[in-house]
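Take a look at these structures.
The following pair of complexes shares a single chain, subunit A, combined with subunit B in the former and subunit C in the latter.
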Partner chain A sequence: MTAFVLLKITVGADTLFLNAAAVLAAAVAGMLSFVFLFRKQRYLRQQKKGAVLHLFSNLVAETAICESLQEVQATLQAFAAANGKLLQKPFARQVLIKALVKTKDEISGSAAGNLQHLFEQLQLHKDCYQRFLSKQWHVKAKAIQQLAEMQQSQYLVKIYRETNHTNKYIRTEAQLAVVKLTGFKGLRFLNIVSHPVSQWQQLSLLSQLKDGLAEEDNIRRWLSSSNSTVVEFALRLTEAFKCYQLHTEVVACLQHTSAVVRRQALHALREIACEDTTSVLMHYFSTAGKEEQLVVLDLLGEIGTGEKELFFLDTLLSTNDKGIRYSASRAVQQITSNIPIKTEAVTVTSSPLLSLLTKKAV
Partner chain B sequence: MSFWTFLSDFFRYGILVYSVAILCFYVFIALYSIGETKEYVRKSTFANYPLLASSEHAPSLSILAPAYNEAATIVENVRSLLNIYYNHFEVIIINDGSKDDSLQKLMAVYDLEPVPYFSEQVIATKPIRAVYKSRNPVYKKLVVVDKVNGGKADALNVGINIARNQYVVCIDVDCILEQDAMLKLTKPFLENAEKRVIATGGVVRIANDCEVKDGKIVKVNLPSQFLPRMQTLEYIRAFLLGRMAWSRMDGLLLISGAFGAFDRDIVLRVGGYDHKTVGEDMELVVRMRCYMEEQKLPYEVAYIPDPLCWTEAPASFKILGRQRNRWTRGTIETLRMHRKMFFNPGYRILGMVSYPYWFFFEFLAPLVEFTGFVGFCVFAVLGLVSWKLFFALLLFIYAFAALFSSFAILMEVMTYNQYKKRQEIFSLMLTALVEPLFFHPFVVWAAVKGNIDFLRKKNAWGEMSRQGFATRKANA
Partner chain C sequence: MKILVAEDEPIMQKTIALRLKKDGHHVITTDNGREALSLIDSELPDLIITDIMMPYASGLEIVGTVKKLERKVPIIVLSAMGQENVVVEAFDLGADDFIAKPFSPNELSMRVKRLMAQ
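Here is the complex of A and B:
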């Protein structure tokens, strides 16, 4: 700041800077006042929301423990008689939607069904649908999330249309919603999705599919998708649902151009390993990059059972690459089992396999 | 035109242009950060973090924490790390040849025994003396490496060599992490399917005077001491405005050494941390970005504006001076090492905007300011100063600085709102008014000394003694 003041500049500059300083000082005062105003407003908003939420919390809790839909109806009528006007206010309805969605996410069974019934009785799905039509992405995405959580299947077609939306958040919420609403069948969006399915989204989708049954024909189709992230997800499905029938297709994925897909294929093979798997892996080893070679060696250690794997590994115990040598010796150790591995094993160069096997024999 | 006239004009107009440019950049940064912050707050409402904590498909992390003479707090700090909210991780504590009894304490409390180890030594480091693991299965995620002293960068490189997971998280062992810090730090690696995320970093906040219990921040308080409070405001400005804007521009050059996650594969490819610089955190990010640019690989350095990590700020001028001196030397070293990027369009935004910004406004600013001050004193003595103009300019710049800080406070209140009490906001505002007068000149002076030390080839970190959270709690 002192750098400015060295020389005389132009006549009148001092007035200009003084005026500018006055404007800035006023802006500082305005901004600091706004900070307190904002805090005050937020406090009042939170108070109002808290009061409404308190009322609705009782309604939600009472509804959840109802034993029949008639009882839900009666609870709602009693609440409406006392708080009828409140239920008409958009702000209050939004608070109620959020409370219902949050509670429904945490419970299951008939209690969850009761909440869904309450949601429908109060026509809250119409509020959500209005927000679904919004042009603002976060409003639309939140509405999709709420409709799916409350199992509003009547909007399935409309939501499905958004599964390839250009906005990432609308698209991912729509994809999650169709899976929430229809289970494994909801994954049919994978046939058409042209955008990448991120790993985060893949984990989210998998968490929704925990209890479902896999449709292997569909997974087979996705394994040959032109969208590499769809292939990656199909491999995760193969792994999670242990689709042994897809072994050939998974092996074919080892030749995929995407390194992520190839690595995922190796993980999938661990779960669906059959008699031929180790032969495939040993054959693949020579063409794979180092990172994949290390995964292959780990896999051989885990699923290898016989001499052919041991002899293959034996050839690697004398390579110059320390990483490969270490992984190979660890794999040998796993296969032969219970032979304690030592650091020295890495540096052994003459007949290491023989040495290990001898130790075991002893 | 005589030499003196030329010098006078250069001084006059050069500094004027420089000052206008820096002010414009600050205004741009403040405005540009708004959109990114708004967007992030909206996006974060859709993130289901517990999903990542419980998923068996979540990526595995290796948390690397170098420790040097941390005996006073090491046991508690390790316990805190082992308790983080994440499933697949290992904690690697690298004892960098501590002269105190850090290792003995760890061995006793965590029942450690030496184990055979394998390290491919992709990155050359000082020798490892031993690797320890616990006999107690409760601590199976803990690995302690004892090595010959080689500095923080060397210790981190040992950790990177030993790490077995795809992502490494480098943290200062005395930092306190938010419970969901790892989830938030990991998410960007999974989110971007089009670009490879090579590093992520979060906001570091000042923990002085905060209440700490069982290795967690239970109550956030504004520091009562002068220097930590000044730094609180400084951090809010830097993290909420500066880094947010750079993140939006995809021009982030720095991920705080206190807490950042990296793609181990890329770190290995570029050769790990450089132990020749004291600004190893910035240098690594710049080198990783350089590598990706040169390889023409699509990539991203992600920034998480949530407060994830709390650290103790220096409370004395002596320690603060050392820290800022080191930061300055680190900046100069990094800029020097990567000077090929300077206005090099081959490095896109990195070469055309980020590097020049750091050169002109981070490295040169304290020097320009100091030179201006010295010049002002000389001219004042010679009677060449227009005092009216001087006071007008002084007021203008002071008001600008206060406005920039006020805006940062506003953003803090509107987003993360860490300081809930009214008097804390008052105090922060007062800090904004006081900071340009007392704190800023000291920081400039420390940076100038950093430049001098750089020219004298001083390469030391400088002792950074801390009070420690555990100690403070015990005293309280």
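Here is the complex of A and C:
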């Protein structure tokens, strides 16, 4: 009886084991099939994309070297005659949009104009706009980038509305797009943006504006924005475009609650320095933090020209703080090396203080 | 005139090649630096146009190698904006001209004509 029960248990266990093994094998086979099919589909898709891209790369290259818009039209007609159906397929149109945008980024002049003409003739902006309406942030952001790259100004108002979008990527692409489409005027989004403008974004915007003309009245308004990153960017603009008229507003930024803004204000003052700047800096020194004090000393060395600064620096040469002492002595050296050239007319070179300080600094 | 174009971006490569063919040049293309170096030996081009950033061997390596050859072959370097340091290095190595992207194919054609005239 016991032997019979043991045999039954053993047989039962074997069956269970076999069933489990069969289920496991089926699961593994299913997974392998899925992976195989997925890879195969991806491979086929890549092949298809490669073939389409090859066709379109000829079209794009031929269009780029056309010498007139009529020639572009003729090139397109010849291509459409052979590949008319392909141009209707959404997948193929996406491939063409990507190829056009990428190439337009690398070429300029009439060739870039030809590519834009091709984009418009094929009404590819409508495809981009459909993607612009997407709920997926990455699709929308990409569409904004493409519309801006292809200079589709008719979508400016719609893109402008996204410059304060809650999604960081959509917002930054929209901000870059409006600047790409309208230059300095595009920066009016700074009046309404409530989200931070990252430092990377500030540099990207600046690089788009390098050939533009600054609008000082707008920069003045942004210097008093409640968004500290807008103030920071306005200071960068002041620095880059050398807006001397904004000296007072920049000096006011030295009292800003944000340390980044205060530091940026010091950098801006370097570029727009006037005869009052060193007095402002020396006055600011006593209330500034250590890092800012070091920047102030560097600035005094760069823009200081006379005894006024040297008197101030003299008081710091005996301070206990090594960093301050070192920076002050370097500033003295810089000023003294500038003085013979800059202030020969006022005979500062003969000053006993100057020679004393030079010795001290060395 | 036989011109070697070394550019890894296929559409740009085709655009440059088509523009130069339109001017009546014979154009050889490659998308990587290693092949460019072997084509320089086998095809003996009269002028080389090379991108700086390329797989296997950079444009700078191509400039360096070509300038060591006995035969003088002018080189135009293509660079992206903001690569000033690399451009300076290319000139130090002996590049004859450079053109920054984005550039106009017509401008490139003019530069080629000017170099060939020299």
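Some notes on this structure:
Here, the second predicted complex is superposed on the first by the 295 of 362 C-alpha atoms of A that agree within 3 Å, B and C clash if a C-alpha of one lies under 4 Å from a C-alpha of the other, contacts with A are read in each partner's own complex, and residues count from 1 in each chain.
Assume contacts are C-beta pairs under 8 Å (C-beta built on N, C-alpha and C of every residue); 3 or more make two chains touch, one makes a residue touch a chain.
In this text, all values refer to a predicted model and were calculated from it rather than measured experimentally.
After overlaying the two complexes on the shared chain, residue contacts for A:Ile107 are found with subunit C alone; subunit B is out of touch.
When the shared chain is aligned, subunit B comes close enough to touch A:Leu206, but subunit C does not. Legend: residue contacts after superposition of the two complexes on their common chain; A:Glu173 is shown touching subunit B, with no touch to subunit C. By the touch criterion defined above, A:Gly50 lies against neither subunit B nor subunit C after alignment on the C-alpha atoms of chain A. In the superposed model, A:Ala61 makes contact with subunit C only, not with subunit B.
Which of subunit B and subunit C touches more residues of subunit A: that partner is B. When the two complexes are overlaid on their common chain A, residue A:Ala25 makes contact with subunit B while staying clear of subunit C. In the superposition on chain A, contact of A:Phe17 is made with subunit B only, not with subunit C. Note for the complex: subunit A touches subunit C at residues 57-58, 60-62, 64-65, 99, 102-112.
Listed in rising order, the residues of subunit C touching subunit A in the complex are 9-12, 14-15, 17-19, 22, 101-107. Subunit B contributes residues 8, 11-12, 15-16, 18-19, 42-43, 45-46, 48, 51-52, 54-55, 57-58, 116-118, 120-121, 187, 189-194, 265, 368-369, 371-373, 375-376, 379, 384-386, 388-403, 406-407, 409-410, 413-414, 422, 425, 429, 436 to its touches with subunit A in the complex.
Interface residues of subunit A facing subunit B in the complex, by the touch rule stated above, are 1-9, 13-18, 20-21, 24-25, 27-28, 31-32, 34-36, 38-39, 138, 141-142, 145, 169, 172-173, 196-200, 202-204, 206-207, 229, 236, 240, 291, 322-323, 326, 341-343, 346.
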